[in-house]
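Please read through the structure below; I'll follow up with questions.
In order of appearance the chains are A, B, C, D and E, and numbering begins at 1 in each one.
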């Protein structure tokens, strides 16, 4: 168990180093950072000075080490657009994105699992077919279209919900939350639904498929042969076995929720990291892009690690076999 | 004889498919008395498992029982509402499946699975149920049952798992156990142990057993009577000794001759039935066995034979129809 | 009252000398003040200076307002003016032109400051409404003596904090997200607004911005995309405040390089041929652009300056749209089959900028010129085409509002020769149009104090430019603010949204 | 006549160690599963040698080593004088290849579902370049199909269109295609029904008579083995514990394990044989018992059995049977953790 | 030989390929699902429309010379202000929406198909190598895949777009953008193929038919390509179909975010982005029809993919 966690942790570190290399390469080689910083009329001598002061003359491994050490301390340089330290910008934006992503994931998980169970257990019912159709539409409509539609409907036509931004937020240290104010909650609804919809349909389809699979297994047949109640079979046996793989996928999904937040945040002008990133891409603000990459992968890797550990806790087979090669 | 524990009357089971309804079981009838072990043999696809599943009411769509009736100690059960049927399952009829490795939910301790079953059917509280669980494990021969009760299925070997499955099956002391190839996945040495266990349990509790298997040897060792199935029908049924030593149906004859034994003449060619069992979608007219049968005559190709009593045996073959002009002697010389 | 306001652009830096850009300047105007200000009709009015006079043509004397305090409580006095005058001219400032580099700033007493010039400058104060006075003590204490250059690699204190004398203070500033202004209770003036707080949100997306106004989430948006004006006016709770803007949108051509950077013509520069420039001019059907792209909300222009800013503008008329003539001109110039050229265009700066460019591309296609359009966000666009990017363009669209509200700025900054790298002349002349005769007139205009004569000089210069087909002026776009019916606000043609004239009812 | 096939002290261990990190943290050593641990036998030309044993006893591993699909950890297989592992005999081995073929247990997995049957059968012919010309190859494939009781036109179909028995016939046809002399059959009928099994067993015997084939026949079914084999080796946990002529073995099994196995087979004849009670299950092969690996289940176990691995003497590896023969002096208790 | 002809193999016949296809389970399940047939029809029609777009349109929407500003903002034909020949109306530049949709769909499909093909080739190649070679190579490839999985397609595509822009000095012309999109999609979608192929290879390579091929001395390469690869193709087909839909979404999203096709050569996503600006102004057709086209294209492809997955899944039969 310890070895397993350790190995996963080592792998995570490996992933982070790989991402770090990519981020560094972008930062260092995609466009000359000096050119981005100095004015056009800066003399070559001055440029060289800036270059030296930034340590760009050092051997590349040294530079990478420095970049990495700085990154570990959450120092990612200065944004070309905003002329502010990237870390400050990210820190400011992170709560918005995390709140949105968490909310979306919760929506996706709760509804996705419920709908998945329903459509697996009542797979021939009319409503299950409706759900199935809706889920297909859900994965077929691009997120931005859904967002636009929602805005048109609920903000413009009906005027029920705000169309952009986070509403009023409450500050706790550097963390800001919109969960404590009415306007913050209202503002959260549409973006998190938009963001969660895709994941929800994904989870629903996964749960449905997984559950149907489980319902076909011998141990479910055997449970029925033992005369257990349908409830005990469906919600005791089938559900637990269904949810084990769903956990992993859902964990992985949280990572993509954060990435998909890019679109949602753009559509709803949600002041999160995704919006920052899109602006950075449009304005070729490499430091922000590189830092975003790192931060997102840290979040992702951490979640993965947690999910892996969770997985071994839930599944007794793994606890035993984890130490065996696959 | 008193009312049989299980009485199957003219059972038909169909599976809906793109080529229409396929009849997997087509008019099967048999009884199992209290304390009796009925062996069911036949080639793969003969309908053994489906018969067992039909008896316990677990035929799932696209399959359905399309005819006949099933009686449990005189009570008709094939048309019971699902909830009532559920109460019977596990309590009065138990079933053991082929693969012990997949029959247990890997996420639950075996104790929990036992307690769950016990409490579903018997009015016991948690501690009583747990005590019974330990007793059951002891009964099926699990060493140190009070410790093993908290183990997960993957911590058991295949043979031990099948013992657990059996413990689960007898948890509520059912009248009938349907064992669908309980030993096929196990090694010979373990198989012998499990067979002995089933036999002992049947004897001790007076439970009726329907033992489904491919292995004629297992049947010969275990059963009181045997049914030989072919293509969804019973070709021959009778006391085990009679059927094994004096099979009547050409298929049963062939089957017995095709089995290599530990005693016969090893240098001799095995009896060989040409071809293989037809698919459900292509069951021939008349007797399903007629294309492979060297005694087939015209009637076999058009008319389906009904079971005919010959001594203690019943055989579904026109050769034994008293109206059939040929005499028995001719048939005797098959092997 | 809380006023919520959304703009397409953002407040880029809190240092008032970093960026000379309308949205940024306007925001600073809530917080900082200059010696002079501009009134609702753009007239120069006293602000931190109560009055001023010119004892000699080259000496300007300013009498400072007494009892004014900065937001942090520091009193405002002459030292701050002298400090600000130095700071605004220091390297890194984007406002170096507001005070001649060789001018001397003298503190006479705590409340009197003299500006001594080497040459007379009748329009000295014309840009001073955006030269905001900073607190010397505060700046020095916080190590913010030098202005924060736009290209700074690390933010200075002044770029993250503000300390002015104006009617509002900055409560919080999150770049790209939100800036909150709070009313300054100690402001020296008499507020004409009834606001407690201004919440400013940049919303880049047109649709979202309009939606925010329509749903009542914000009270003011700028700009309203022209296509949505009808919709906003049709809504129950908001209306569009439209008005003429002083910004002139025009096209420029690289006529300085010997070979275009982005063209298939090698070894020569077609734009050096006056006939090509004329052909381009005549190929563009500005009326169609007005009616279709701008939905009527533009004023086609014959000049590089808006008519309100130049009395004699009526003397100029745009040459007629003439595609056949243009084609012939091109053929005469040796390009009967046209040529290929790359065009740079911002896509988030001016009203329908990218759409205008696309329309231009289509119109030029009709005379055989194949234009490859590179429309990009303003930040990238400016970085590419401006001096800092090395004037890296062959053909471009730009908009210009003379900060002085005067032709001289246009003639000097965007039409003057840029051949002398040491001189600020032609700093924004991206195409490098150069006519020495024109430059001479520009210099005369600066010093001429007689308005009528001055206008004649300007007219002469514009005539030269027209004859040279130096630029292709397109139009003045219309201002379009979306304003909630609860809010009354004054709209100035320079498009600064200044909420200190806003009144909001419940 | 010398033996066609000789297996000499074949050993094969699989590395089943935990990952490196686990070993470091848990201080556990590397672990090897000795799937085959010193197996020797000979097969004469034209005879059928069978290996029986329960699941996991190493039968398939031996089979794969014999045909060269799996390199032995140590030991060697010599076929017709050519070593299957000596690098010096590579070219001779190449020629040998086509004379060795294999028939697998699962007729569903041993035929490539994407290839037509004639392509499957023709593959060895083409690979060994036995026949040139499409038409001749087709003719040969038809001939082979007929030989195994199928119709030549069946070559046009895909494997999934055949029943299990028919597929196994196709597999046999493929083995015969390269004119193999020695065929290793790894449980060729255990996936088949008895009636079909009889067809296949009969067919195999017919072909043996016709072509003088040599079989290594592997099965866990003693009755089938008895029917097919001239000589039989009984395997238990990677070792041959008893090896004997077929009728000998069934008439007078000597090793207690053999006796137990025979006893466990359900008796169709209902002869009421006396049998040894079956006890226990096969131990974990990664951590087998010390000494004679059968000792925990053996009714005749005594001290020596727990310490010393018995050698195969006179066809039996059992201390109880070979009691009179003193253990070799150099024999030390097998090192065990 | 005593073997009689086998009863369930009647007179051997060699059905033609078409006959076999029609008889197959897959075709059967296809014919049974009306929804799938509708979806297939839609995909087919849209595909044909995109393929023969130049013959079906009233103008080439990518050629600025063919756009008449005078024809801008015409509403669809059936509305009061509709004008011939602009069936679905025009946008602000006088671009015929119907023509733009066909051309935009071409781009979407080209990007989708090329991107998916790129991903498939890359993924299948790496998966084969990883599965067959195993060991360190396998670990390396799979770890790279893990890293890759960390970043969803959109993110990778945006990053690539940003980096390329930075490298090319802010200037991307339409064809470069197209390549960037294809590469970005290819690079972000390969993992699924690699994993699937690797998994299948691991399973297939232990099957006895591979052993049989080894026995006759076929080289590893031949075994991989002739025997193993074809048997891994079922799931690949399913993934490719579903990925095609995803790739089209990704392209549209990128274009919507402004990192995709430029306004002068609009894809469906670009059209929607442009149309988004007219959402409130009553010019609904500028966004509605491209949106509808995109949604129905993706939905139909997804429906096909769903059906294909079920049809190829033996467990569901």
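Criterion: a residue touches a chain if its C-beta (ideal position, glycine included) is under 8 Å from a C-beta of that chain, and two chains touch if they have at least 3 such contacts.
The chain list, named the UniProt way, goes like this: A, E = ABC transporter permease; B = Methionine ABC transporter ATP-binding protein; D = ABC transporter ATP-binding protein.
Quantities reported herein were computed from a predicted structural model and do not represent experimental measurements.
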Touch-network distance, subunit A (ABC transporter permease) to subunit C, counted in steps: 1
Chains touching both subunit A (ABC transporter permease) and subunit D, listed by label: B, E
Chain pair, C-E or A-E, that carries the greater number of C-beta contacts: A-E
Farthest chain (mean CA position) relative to subunit B: C
Chain separated most widely from subunit D, comparing mean CA positions: C
Cα-centroid distance, subunit B relative to subunit E (ABC transporter permease), in whole angstrom: 51
Distance between the centres, which are taken as Cα means, of subunit D and subunit C, whole angstrom: 90
Separation of mean Cα positions, subunit E (ABC transporter permease) and subunit D [Å, integer]: 49
Residues of subunit E (ABC transporter permease) engaged with two or more neighbouring chains: 2-3, 5-6, 8, 170, 258, 276, 279-280
For subunit B, residues contacting two or more additional chains: 272, 274, 276
Residues of subunit D whose C-beta touches two or more other chains: 163, 166, 199, 202
Complex interface listing, subunit D residues touching subunit B: 54-55, 163-166, 193-199, 201-202, 205, 220-224, 226-227, 246-247, 250, 260-271, 278-282
Of all residues in subunit A (ABC transporter permease), those that touch subunit B in their complex: 217-219, 221-230, 232, 236-237, 240-241, 244, 314-317, 320-321
Subunit A (ABC transporter permease)-facing residues of subunit E (ABC transporter permease), complex: 143-144, 146-147, 149-152, 154-155, 158-159, 161-163, 165-167, 170, 245, 249, 252-253, 256-259, 269, 272, 276, 279-280, 287, 291, 294-295, 298-299, 302-303, 306, 315
For the subunit D and subunit A (ABC transporter permease) complex, residues of the former touching the latter: 16-19, 21-22, 24-26
Residues of subunit A (ABC transporter permease) touching subunit D in the complex: 2-4, 6-7, 10, 323-325
